[in-house]
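A, B, C and D are the chain letters, set down in written order, and residue numbers restart from 1 in every chain.
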Amino acid sequence: MNLERLETLLGETFGELLQRPLAQDIKKILASGDKRLYALWLTQVAHLTKHTSLHQAMVGLRSGISHPYMKFCFEHAAEEVGHEMMAIHDLRKIGVNVKTVDDLPPPLPATTQLNSYLYYAAQNAHPNTRLGFSYWAEKCYPYIDSLASGTKSSLGLSDSHMTFFVSHAAIDEKHAADVEKIVALVCKDAKDWAAVEDGMVTSLNLAVDIFAQIYQTVTTSPGVYADFLRSLEK
Amino acid sequence: MNLERLETLLGETFGELLQRPLAQDIKKILASGDKRLYALWLTQVAHLTKHTSLHQAMVGLRSGISHPYMKFCFEHAAEEVGHEMMAIHDLRKIGVNVKTVDDLPPPLPATTQLNSYLYYAAQNAHPNTRLGFSYWAEKCYPYIDSLASGTKSSLGLSDSHMTFFVSHAAIDEKHAADVEKIVALVCKDAKDWAAVEDGMVTSLNLAVDIFAQIYQTVTTSPGVYADFLRSLEK
Amino acid sequence: MNLERLETLLGETFGELLQRPLAQDIKKILASGDKRLYALWLTQVAHLTKHTSLHQAMVGLRSGISHPYMKFCFEHAAEEVGHEMMAIHDLRKIGVNVKTVDDLPPPLPATTQLNSYLYYAAQNAHPNTRLGFSYWAEKCYPYIDSLASGTKSSLGLSDSHMTFFVSHAAIDEKHAADVEKIVALVCKDAKDWAAVEDGMVTSLNLAVDIFAQIYQTVTTSPGVYADFLRSLEK
Amino acid sequence: MNLERLETLLGETFGELLQRPLAQDIKKILASGDKRLYALWLTQVAHLTKHTSLHQAMVGLRSGISHPYMKFCFEHAAEEVGHEMMAIHDLRKIGVNVKTVDDLPPPLPATTQLNSYLYYAAQNAHPNTRLGFSYWAEKCYPYIDSLASGTKSSLGLSDSHMTFFVSHAAIDEKHAADVEKIVALVCKDAKDWAAVEDGMVTSLNLAVDIFAQIYQTVTTSPGVYADFLRSLEK
């Protein structure tokens, strides 16, 4: 494994994901001007992002890692502090009346699973594992750009309404370069690369599960989200 | 309590400390050109600094702290990664043949105590407590400048031989301003200020204990440092 | 919610699970005398059980919990230390040549997910959440007894070959009573009960995912288990 | 090092400690019927004991330790849960009106130091280090028995007033045997023994510092304990 093959694998995985019926169904809903799916996605983003800097910093506490990797972990933890407030801001822009993550409905089970896995990867798995998540999270913007621009035009939003997406796409160009640099630095043998690949594939699949649950929640089983979704129907 | 009173308290504490016979004894040894005391100090600095970014990051993981304080913790953790290597560098410049902290003799008991206290402050005490340590650690340079310049001239060292001291004095001007800003931000009531004061006084006293043990080790009870000190006598 | 309703919910959930085609398919394979499925299950059990006492003890470290709950956590952590060695013993009895968990193929993704969730529940969720897992784990034996006895007779095993199952069924009668007692003690309001229910349902669903992956691994996609499964075919 | 030599070292250390002027001064105060010193000791005991089961359990989470040592850690953690309430009970028996540790004046600095060191030993030092504390804490009763019986008679207390001391002396006979057994089991080379010895000597010295600060607080600098001590004078 090397950086090029990791990028190829990411491209293939996204290619396959975007061909699935789920991706097409989601596109249709977003294009229809129905903002519930986007709202539910922002809600999960807020629940995930609240933890990002915490599990990122935890990797920096692992014994035996190198100084550059420690530095990377703490720097990125610092940069991601409070980013859940962007999702909150964007929710407010589409009419959801919330001030903090605590005002939101609880995370979907799949969201809790991704959070659980990222803490586990940070604390218990090979110390490189969580880099697989950073890798795709920082490099996913080209792949999901059409989803985002579809959402933007159908919901009549401007960039200033979509701060999470827009500013992360911007920030993450620098971050993606940082992540590639540190991946190249910390991967010395096949086991090191396997940990990054494992972290990437596992967390990406868990993220897809979130999309599936969002879709299902909006279309058939609102569950604890019933009131939240109803408030968005007007 | 407020920032001015904290600064006054620090000045008074250092004033009192520098009047003690111990401070005078230390000055005399440093002025004599005997590098053993400086070497022992650098050794303790290395054993302390190895942990600094770790317990700093741990504060950022505490629940209930604000986003700016989290950000401060992770940023400062990132900036302090690997600074023990400066102490190692400086030890090499005075002829100590070491590559990493693991090559050094073990920490003095007082050094272990300060490390223990800083981890405890970071994980168990009021989340502001560790700021009291940062406060004096970043603002101590004016007070100990004469000790440092005495060391420099008596041992015939240049700034490039004293990277830990010189670069920290420089870095720490910015850091001291950062620490004051965050202290002002996180201290909202008397309890918050008391935590900072408590952290400052306790960790400063523990640092003085280290100086006392260094002096004692050099002058009367070398213990596990016997070989190390002998190697510096030539 | 109360203990009776929790037990009813558990019974209904197991009733539903055992009606699924998956349960029937698994029964068929076990009845056929094919030991691969049982071996793969023991392997996942070993990978899970290695962590059980750790995340159980972590709940005891949570701040704000009562003394009886702390005591329960540490006592049960103590009792479950090393139980993965029973799974290792039982694997050896069916001809798998392993000495420790490290000799086994890696956990299936679903196994890693359950481990991740249990650490997350222990450290980050409501402190009662992990009790939902203990609850079903200690009370599942009546429900899965027919699976176990089917395995026993078709593979020609005695009780001494199935130490994990048999001794846990015995130990867990006491444990189940302990868990019910502590659940009744720590659940004071609806939120407390909801945490237990959430922990039970989530971890039980994750356990079912493991069975589904075991079945799939044996029947269609051996993946990293190919060699392991082949060695069991003779 | 071996168990006999460890016991000899403990005996010599206690012999030396009990010869110090401090020990004589403390005996005099206790014999005088002045209950302030005993009250202050119980207060520190409560502040220490509140953390004992936590740092004991943390050792059990260390990676790489053996199953018997894990089991020992969690079992002893379980047995020591809530023992601070014995100190609270005994304080009430001598007229101090407190219900929990939170009602007490804050720990003396030396008490915080011992707590800090024990957490550090549990989490960061050699995993055997904390056993050195358990070793003397479980075996100290013969050495301090005369202090205790002096206190008992001069303050006119019965065994039921001194639950912390009396029941620990009883419990700790079993515990002392457990600790010796596990020390013998986990010490395989000189480094392992050195960790136990280091933990014993360091924590015992920190405990002596607590006695020194208690004596000083009662005799000359009540500080934050002024009201507490005054309330005991009647």
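Everything below uses one rule, namely that a residue touches a chain if its C-beta (ideal position, glycine included) is under 8 Å from a C-beta of that chain, and two chains touch if they have at least 3 such contacts.
These figures come from a predicted structure and were not determined experimentally.
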Next on the checklist: Taking contact as defined at the start, I'd like the list of chains shared as neighbours by chain A and chain C.
Outcome noted: none
Item to check | Copies chain A and chain B touch via same or different residues, half shared test | outcome: same
Item to check | Of all other chains, the one whose Cα centre sits farthest from chain A | outcome: D
Checklist entry - Using the average of all C-alpha atoms in each chain as its centre, how far is it in Å between chain B and chain D? => result 30
Checklist entry - Roughly how far is chain B from chain C, going centre to centre by Cα mean, in whole Å? => result 49
Next on the checklist: What's the distance between the Cα centroids of chain A and chain B, rounded to whole Å?
Outcome noted: 40
Checklist outcome for this item: Residues of chain C that touch two or more other chains sit at none
Checklist entry - Using the touch rule from the top of the page, what pairs of chains touch, sorted by label? => result A-B, A-C, B-D, C-D
Item to check | chain B-facing residues of chain A, complex | outcome: 53-54, 57-58, 60-61, 67, 70-71, 74-75, 77-78, 81-82, 85
Next on the checklist: For the complex, give me every residue of chain D touching chain B.
Outcome noted: 109, 112-113, 115-117, 119-121, 123-124, 202, 205
